[in-house]
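Below is one structure. I have some questions about it.
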Amino acid sequence: MPETALFDRLKDSCAADWRGYVEHAFVAKLADGSLPEAAFRHYLAQDYLFLIHFARAWGLAIYKSETLEDMRQAAAAATAILDVEMGLHVEYCKGWGLTEADLQALPEASETMAYTRYVLERGLAGDVLDLQVALAPCVVGYGEIGARIAADPGTKQDGNPYRSWIAMYAGEEYQEVMRAAQAQLDRLWTARGSDARFARLAATFRDATRLEADFWQMGLDAASPTARR
Amino acid sequence: MPETALFDRLKDSCAADWRGYVEHAFVAKLADGSLPEAAFRHYLAQDYLFLIHFARAWGLAIYKSETLEDMRQAAAAATAILDVEMGLHVEYCKGWGLTEADLQALPEASETMAYTRYVLERGLAGDVLDLQVALAPCVVGYGEIGARIAADPGTKQDGNPYRSWIAMYAGEEYQEVMRAAQAQLDRLWTARGSDARFARLAATFRDATRLEADFWQMGLDAASPTARR
Amino acid sequence: MPETALFDRLKDSCAADWRGYVEHAFVAKLADGSLPEAAFRHYLAQDYLFLIHFARAWGLAIYKSETLEDMRQAAAAATAILDVEMGLHVEYCKGWGLTEADLQALPEASETMAYTRYVLERGLAGDVLDLQVALAPCVVGYGEIGARIAADPGTKQDGNPYRSWIAMYAGEEYQEVMRAAQAQLDRLWTARGSDARFARLAATFRDATRLEADFWQMGLDAASPTARR
Amino acid sequence: MPETALFDRLKDSCAADWRGYVEHAFVAKLADGSLPEAAFRHYLAQDYLFLIHFARAWGLAIYKSETLEDMRQAAAAATAILDVEMGLHVEYCKGWGLTEADLQALPEASETMAYTRYVLERGLAGDVLDLQVALAPCVVGYGEIGARIAADPGTKQDGNPYRSWIAMYAGEEYQEVMRAAQAQLDRLWTARGSDARFARLAATFRDATRLEADFWQMGLDAASPTARR
């Protein structure tokens, strides 16, 4: 078993990229409540489409897992996304007059497509460790972001329109999911990792981290008069 | 949509093989209570290993599905196997002094290996329709067998040591799973089927049906003095 | 068999996207020789990385094919990329002082990543028809572009620095590859297609077509003072 | 890098199973020329079907490889099977009045199905190292068998009807393929192996070795009056 947890080693291996993701302007604006609703709305609708593919990735993780513990953790993750997390997005979007059918009919942004297919393909080409490392920036990163901004005195609490989003990822339930994902990474590293594999895993982690940052940027761009498309 | 349900067309396309499976001597002996315990024990222990791979196949089905309805049905199936059906096997085996760790350490019989890998590989090479057709002889066949022998006046009820096994697959819960699987096949056929695909799907269905019959035979052989190995 | 070839039906289903790809400014500038060398250089170096993933996609096509004819066509395509087409890119790049090791060490542009992973993942999730439809905009599109600009009197022939690129894709060898790919699409459509599948296949084709256009744009942006990133 | 080559470590980890395969009665009878033609004929016809799936496995290896060297080696292997090795089988079978169309129409024996799907599925679930370890008993084992019986003074040379089969696998061309496969295993082990992975890889190697032995047995059984089925 690594003395340092695998997740921490991966994060340290691309520290600037990691900060570019977890401290992205989108996150800062979520925390201080200044994020334009149009940015959040575009983000959340695309995140709904993203979650469909992430549930697929957890399905793949069931298939690729080599222990019942890992299979059950993956099945629980797939079910949580399909039965809970997507429902929360639908609830949010209902407030803006968007139905679930509307969400499903949305064109997929290129950032959504790029990130989700990267993770799925990495998991199919490699083994379950490659797959879980590709998933980690999302699963663990959201927990880290939620906990940090919930604890930050600079975060706007009263009247912050994004308070429930922050509360979800800072909440004990999600924090436990995050810790379980980190523990799973350490188990998989013990079973299938090696020093020689680290560089390749770190490249996967960095790519996925950058694709997460692009996903926040996509949200910001949606509210910007000089948006790219 | 086909006038005749896809499952019925597949079954009719290999009627003799289907009967060889659902009316196998193993099933007849389960029904009249004459099945040697050694046969059932070997079957059930291998079925535990089989279920691990079937849960993997449902994970793959989550990944391959193209609608949320199909994804949710697959996630529920994976969870039911991992959290319920495997537990029932463990309970049964406990009665024979076999722990779950014992089960996991068992060598996989060649019949278990042959059937499970066939289904998984078919699903990976083809699309979600190929995968679900490969799964159908198991999912639907067990429901058909359970319902038939439960309703058969010739079936021994009192003192039949396999009564709870029969009750599980004849029970309303499993019957509903079976009907949902048939409905899903029809949806997938509508979405992705064609007359030209039918012959290939029928070959998959027939192969999986034969592999199911081999699985029963493996159970019988385990209790036979002239067992193959 | 369709009265109209599948490729033509797919192209017609997203005519504006198709024109946005095959008549992209990058292509027009290749034809009249006005494309900045920096644009072509960036494009070609990324296309080298792209080809690695396309060879992987043809490997996947060998695995997914259901006839020896399709397997052999896929093996020939993988070999042609690995042993010929990549070598031509290496030759070109040598002229700019870039070695093959330099090419392999290049960071993958997000457009390269987005397109290649989309195709691979589509092929893994679906069947061989889904995979070949995702590959078609590249395989057939390059042949169409090459033939059109080679035949266009407006194309600069003498002194056009991109003449050999045009000659390669307009050449009889590549034109035959293109025709064989179209014939293969028709065979696969006959074997596995259906009216109900068409919309989904058309969406795959449209997505891949747009990702091709993004790939040209990436080349142009590399030479633009106001490049996106 | 291992001091002992990975292949040798794998072989040593299941020495009795390995001998059961490379010294199988089928092989001994091939060497002394006493193998009934019916046994060889059944074996060779099933081996033709086997090769189709092995070419698919090499296609998968192209997809899963992480270096151009490994991709090229896999593409060459797929091409050699599709364009050379299958042709040799077709030639042989022609002598018995079997056309290639006859071969393709043969029902797949359960031993063929079991072995090929096991290898393919292992490769899909795991990474390229898992896949190559599953392929190794076939690729390397045939070379070892060919070399050993060609060098054995007890082997019947003159008038042995299986002389050309022996010559093919003992020949320098195949021996070079075998050595290249062993070198590839060592490269992959260096890149992705670890002590913790060894037990799992050894189990894969042992399973594939047993499935090879079952494949020889299938040949013998075909010529036996007490054949299993």
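Letters A, B, C and D mark the chains in the order given here, with residues in each chain numbered from 1 onward.
The definition used in the following text is that contacts are C-beta pairs under 8 Å (C-beta built on N, C-alpha and C of every residue); 3 or more make two chains touch, one makes a residue touch a chain.
The structure displayed is predicted, hence computed values, not measured ones.
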Next item on the list: Work out which chains are contact partners of both subunit B and subunit C.
Entry: A, D
Note to self: Quick check: superposing subunit A onto subunit B on C-alpha atoms, how many degrees is the rotation, to the nearest 5?
What the structure shows: 180
Item checked: Same-interface partner of B-C, chosen from the options A-D, C-D or A-B, over half of the pairs matching -> A-D
Note to self: Relative to subunit D, which chain's C-alpha centre is the most remote?
What the structure shows: A
Checklist line | Separation of subunit C from subunit D, taking each centre as the mean of its C-alpha atoms, in whole Å | finding: 36
Item checked: Centre-to-centre distance between subunit D and subunit B (centres being mean Cα positions), rounded to whole Å -> 31
Next item on the list: Would you please write down the residue numbers of subunit A that are in contact with two or more other chains?
Entry: 56, 63-64, 120, 124-125
Next item on the list: If you connect every pair of chains that touch, what shape comes out? Choose line, ring, star, complete or other.
Entry: complete
Check: Which positions of subunit D touch subunit B when the two form their complex?
Finding: 56, 110, 113-114, 117-118, 120-121, 124-125, 207, 211, 214, 228
Note to self: So in the complex, the part of subunit D that touches subunit A is made up of which residues?
What the structure shows: 63-64, 66, 124-127, 130, 190-194, 196-197, 200
Note to self: Could you list, by residue number, the parts of subunit B that touch subunit A in their complex?
What the structure shows: 52, 55-65, 68, 71-72, 74-76, 78-79, 82-83, 86, 104, 120
